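A, B, C, D, E, F, G, H, I and J are the chain letters, set down in written order, and residue numbers restart from 1 in every chain.
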Amino acid sequence: MQNSTQQEDLSRLTLLGREAKPSKSLETFPNRHPDRDYVVTMETDEFTCVCPMTGQPDFAHLQIRYIPDASILESKSLKLYLWSYRNEGIFHEHVTNVILEDLIAVLSPRWCKVTAHFGVRGGISITVEAEYTKPGAAQP
Amino acid sequence: MQNSTQQEDLSRLTLLGREAKPSKSLETFPNRHPDRDYVVTMETDEFTCVCPMTGQPDFAHLQIRYIPDASILESKSLKLYLWSYRNEGIFHEHVTNVILEDLIAVLSPRWCKVTAHFGVRGGISITVEAEYTKPGAAQP
Amino acid sequence: MQNSTQQEDLSRLTLLGREAKPSKSLETFPNRHPDRDYVVTMETDEFTCVCPMTGQPDFAHLQIRYIPDASILESKSLKLYLWSYRNEGIFHEHVTNVILEDLIAVLSPRWCKVTAHFGVRGGISITVEAEYTKPGAAQP
Amino acid sequence: MQNSTQQEDLSRLTLLGREAKPSKSLETFPNRHPDRDYVVTMETDEFTCVCPMTGQPDFAHLQIRYIPDASILESKSLKLYLWSYRNEGIFHEHVTNVILEDLIAVLSPRWCKVTAHFGVRGGISITVEAEYTKPGAAQP
Amino acid sequence: MQNSTQQEDLSRLTLLGREAKPSKSLETFPNRHPDRDYVVTMETDEFTCVCPMTGQPDFAHLQIRYIPDASILESKSLKLYLWSYRNEGIFHEHVTNVILEDLIAVLSPRWCKVTAHFGVRGGISITVEAEYTKPGAAQP
Amino acid sequence: MQNSTQQEDLSRLTLLGREAKPSKSLETFPNRHPDRDYVVTMETDEFTCVCPMTGQPDFAHLQIRYIPDASILESKSLKLYLWSYRNEGIFHEHVTNVILEDLIAVLSPRWCKVTAHFGVRGGISITVEAEYTKPGAAQP
Amino acid sequence: MQNSTQQEDLSRLTLLGREAKPSKSLETFPNRHPDRDYVVTMETDEFTCVCPMTGQPDFAHLQIRYIPDASILESKSLKLYLWSYRNEGIFHEHVTNVILEDLIAVLSPRWCKVTAHFGVRGGISITVEAEYTKPGAAQP
Amino acid sequence: MQNSTQQEDLSRLTLLGREAKPSKSLETFPNRHPDRDYVVTMETDEFTCVCPMTGQPDFAHLQIRYIPDASILESKSLKLYLWSYRNEGIFHEHVTNVILEDLIAVLSPRWCKVTAHFGVRGGISITVEAEYTKPGAAQP
Amino acid sequence: MQNSTQQEDLSRLTLLGREAKPSKSLETFPNRHPDRDYVVTMETDEFTCVCPMTGQPDFAHLQIRYIPDASILESKSLKLYLWSYRNEGIFHEHVTNVILEDLIAVLSPRWCKVTAHFGVRGGISITVEAEYTKPGAAQP
Amino acid sequence: MQNSTQQEDLSRLTLLGREAKPSKSLETFPNRHPDRDYVVTMETDEFTCVCPMTGQPDFAHLQIRYIPDASILESKSLKLYLWSYRNEGIFHEHVTNVILEDLIAVLSPRWCKVTAHFGVRGGISITVEAEYTKPGAAQP
């Protein structure tokens, strides 16, 4: 089947099944259905960074949704990418936008949205939702 | 294994049904209400295929929604069709689109959407949503 | 109050408070607020019919929503009507449309939608949603 | 602060903090933010009336939503108003519309919606949703 | 009815299974681990019988739990057995005990408990829990 | 079947299927399985009485559980019995005990427990649980 | 009925229906069923005190359960009592025990348990459960 | 990275990590992604003010959502700001609008919505939703 | 720390971090806290085997709980072990006991319980719970 | 009040309100109610350590329950203590026991239980529950 997973799709992937360490490099494989606008959602309960003011750990639930163009995000490289924030000092509002921008750079998606829900501090939880639409593309 | 199910255990059972096997063939019956756009949703917690890279099993919750035109999908043939993926190596994003395309081929529906929610790997879950609309047809 | 329940409203009702048996006859009482588009939702966990192929019982959760025109559906007659399917052999997709058509015939509603959610068979559940809008009327 | 609660706002209220009895009179206090369309939702699990046909008690969950114009509904007077239905015989579809009409009369709201969800009778629950929009006003 | 399921609709279907019918006969297969007290739970949302007083349908959620001795209950025969109550007039409290007694007769279990949760009638739901312990056996 | 519902069981029931009004009289039918300790649970969301101090309506969720001895509680008579509290002024803690005592008087059960969960007043909800065990009888 | 609410029960109550202010005084009315061990549960989402170290507000969900002896706690006086902690600086573990001790002093209950669930601080929530049993009395 | 948190962002913040007391002053830090419309949601279960009529405490769940323009709201200053309502007498409908107006004043957001859900009083809960859109800006 | 993870603990593990294939071999690492009875729970939504009668796939949620003695179960080897059932024909009641027996053989635990919850077939779900206690050991 | 929080209780606390960094030091304040066995539960969704085999991050929900003797655990020092595991390589079963042992050392509690629920890896989640009881002390 031409529209299914093929041997050559695997050749670009360097991280899947190898030894793991934190990495800013996101990997992709080819989209076999570029004729169709479809939505991929990746979700994790396991994101942590640190407060730039106090240095204390922050924890978030992260959701990434996108409509692929030519490329699909490989999930193990995403795991290593998210790991790279473990010791980074950054505000909630900033990190959500930076992740979105890194995804745009590597995927060049038709549409993409990042939602980060951070745990309670001082009785208050914070959720940040940032969204991107390629010029001329439709939203889901 | 003496403590597991044995051939003789089956001999007492007279009601449990006939043999079935995986099949790529989807069956249909006639739509008796083609004058109306209505939506059929079929849902299962029991879909499994394998990772094309590592050969390990993947599991998904699958939802199929469609507006029938002349034909309605018979559910037992769908069960056997989904069974046929049990030993197929295919990425999440691809299998969702391939199922959609097979449904389009056999049902020629006015509209159809396939949603596959795959379990957590490396702390990350993946959901893929692919949708089709027949030219000139309305969406639900 | 002219816009509230009146003695004469009760005169058309023959089934409420009488002995019960399955019946295809749906009863109505007058709508006292025809100047307003409002939505009535009737819901039950207690619908059963039989598979036309195997003769085995099927069970569904049923939801009926409508915008009344001149008439409102009396709920006891609906109960007896649904009871009448108890021994009828009919596919899920068909029975949902037939119920919708019977409701249209007796209520002549401005809008009506029937949703039937059938229990799991072969690991797969089926939900059917059929909808009707009177020419010139608005949807909710 | 001119836009907050003021002493004079309290002067119109005769029921708050007094002895209680059922009452058809709904009281209001002035809206201090009439320049803005905002939504107030009042909800109760404690509404009961009686069936006009059988005299038996009915119970409902009631939700009232509105966009105030010049007036805001005082909640204790609403409690006493709802109490007044305790021994009234009235169909579900009628009482929902009558409450909406009484609210329109006293509040002259920009928009208002009443939703009443009545408990199961004969295996069937009934929900009625009635809505009003002042000419020229926007919905939420 | 032309718009309902028709005989010819079935002719295209080759996979949908053979005929079944209601049966009071419960089948078993041998327990391969009689040295261990373990618990089997069978649960269904699809039980219906009729009220012996009014003839109207009743619906229940049914749970059967037991510790097998020499035999294990085959689930398809249970399905056909429960089907046999479809037209039987019997009170909730009685049917729960009768099912328990039929299970004791065919399984001779070390322990067994039947729980039947019947839907709301007159605003009241009824649940019946009946339990049996073989002399000398332990409960879970 | 001697252990199932019988024609004579129905002869004691005067309220089922008749015209309804509030009543302090609770009716019973014979227990066909007195050799077994089993538990019956009756539950309703539809109980209301009034505050003896202020005269305002109170609402409760009510659960009645019992192990029958010679008699089983008929549910329609329970509905009418609960209706009789509609205009009675009584504290939460008292009404729960009084209902328990009336059940003991008519059922002479082996064990009985009444749980009443009253809605929020002044930010505080109240639940009362009262229990009775016949001398020599076991609890569930 | 001697075991129900009586006119004289109301004479001890001075706070119900009067003007309200925070108060350390808890009021009671007589238990009409002292022959029975039964459980009363009072629950609120509306408790706040302040941190003795930082002066910042803390919020808790509070549950009080007790078996009355001669007295029952009146709920409006409990509301005013809880209000009295609004500006008190006290650790979670201490306030839970102090409330229990105040309840013991005024109710002399057979058994009492106070559970306080405080909101998240520094990513950590705290729940404190303190319990008392009168010598010779049973627990629920 | 220019679009991430920077040292200078911290210089405007005077409340984070200092001694805390209630304050009407809301603090902000610069938005590093003003080219994008994104949504920030702040939520707390810990808001309390007092009834202007009776002086009794009210409790609410509060949700603040906004699209930042040049500034982002610092969450500790929000905590202290909400604390400042602890002893203020103000109606639910008013306080929700006043908070919205204070947020507009300090953030000058492109869009902002405040939702306050107040606990049950007299059996009725109240939720207020107030929303603002800067002229020319889009809503989420 | 002697009671924490040590380099030598890793030496027995041959499957973690290697290429994966189905395997009946379960691996363990040393328990560093054998002086204490503590409970380990391993849970998965991803278990599948086939029906020995019809050859069709079955799916289960699996929970394994145990009190370790000298050994702890390594989770990757468990994943490969569960994978090995993918094409095995075995009844629900048997496979649950066989898994328990394999765990007892490799772990020699003080206590162990396996719970398998299989999806609905013919409207009925089946759950099997099998438990083992080493002579002289306590249960949790 | 001698049994409430006192000025001297605060003198032992060095971390509350100060600058934060990871720390193995747990701090306590005096128990003012040592005559009573009561239970304190501390819970967090924000615990992370690393896999000793692969170096990858693990995430857990942590619950600590204990009956204090002379000392109560201060929650900010617990936060810093949990932070100290952020870069530690340790198996799930070991870290749960080590935390328990550190709590025993600093609190000398009458009873203590640590429950750690780790996220899904390879489709499998792991929960570890370790418990301690001081000789002669009761469990909750």
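Everything below uses one rule, namely that a contact is a pair of C-beta atoms (placed from the backbone, for glycine too) under 8 Å apart; a residue touches a chain by one contact, two chains touch by 3 or more.
Nothing here was measured: the structure is a model prediction, and the numbers come from that model.
Asker: Please state, in steps, how far subunit G lies from subunit B along the shortest route of touching chains.
Answerer: 2
Asker: Could you tell me the distance, in whole angstrom, between the mean C-alpha positions of subunit F and subunit J?
Answerer: 46
Asker: Using the average of all C-alpha atoms in each chain as its centre, how far is it in Å between subunit E and subunit H?
Answerer: 56
Asker: Multi-chain contacts in subunit F: which residues touch at least two other chains?
Answerer: 17, 19, 45-46, 54, 59, 119, 121-123
Asker: Which of the chains are touching one another, listed as pairs?
Answerer: All touching pairs, sorted by chain label, are A-B, A-G, A-H, A-J, B-C, B-E, B-I, B-J, C-D, C-E, C-I, D-E, D-F, D-H, E-F, E-I, F-G, F-H, G-H, G-J, I-J.
Asker: Quick check on the complex: what are the subunit H residues that touch subunit F?
Answerer: Answer in residue numbers: 59, 119-123.
Asker: Give the list of subunit F residues in touch with subunit G in this complex.
Answerer: 52-54, 89-91, 93-98, 100-101, 121-132
Asker: If we count contacts the way the header does, which residues on subunit E are in touch with subunit C in the complex?
Answerer: Its residues touching subunit C are 1, 3-5, 9-10, 13, 16-21, 45-46, 48, 54-57, 59, 79, 83, 86, 119.
Asker: Where on subunit G is subunit F touching in the complex?
Answerer: 1, 3-5, 9-10, 13, 16-17, 29, 31-33, 36-46, 68, 72, 75-76, 78-79, 140
Asker: Residues of subunit I touching subunit B in their complex?
Answerer: Listed in rising order, the residues of subunit I that touch subunit B are 19-21, 45-46, 48, 52-57, 59, 83, 86, 89-91, 94-95, 97-98, 101, 119.
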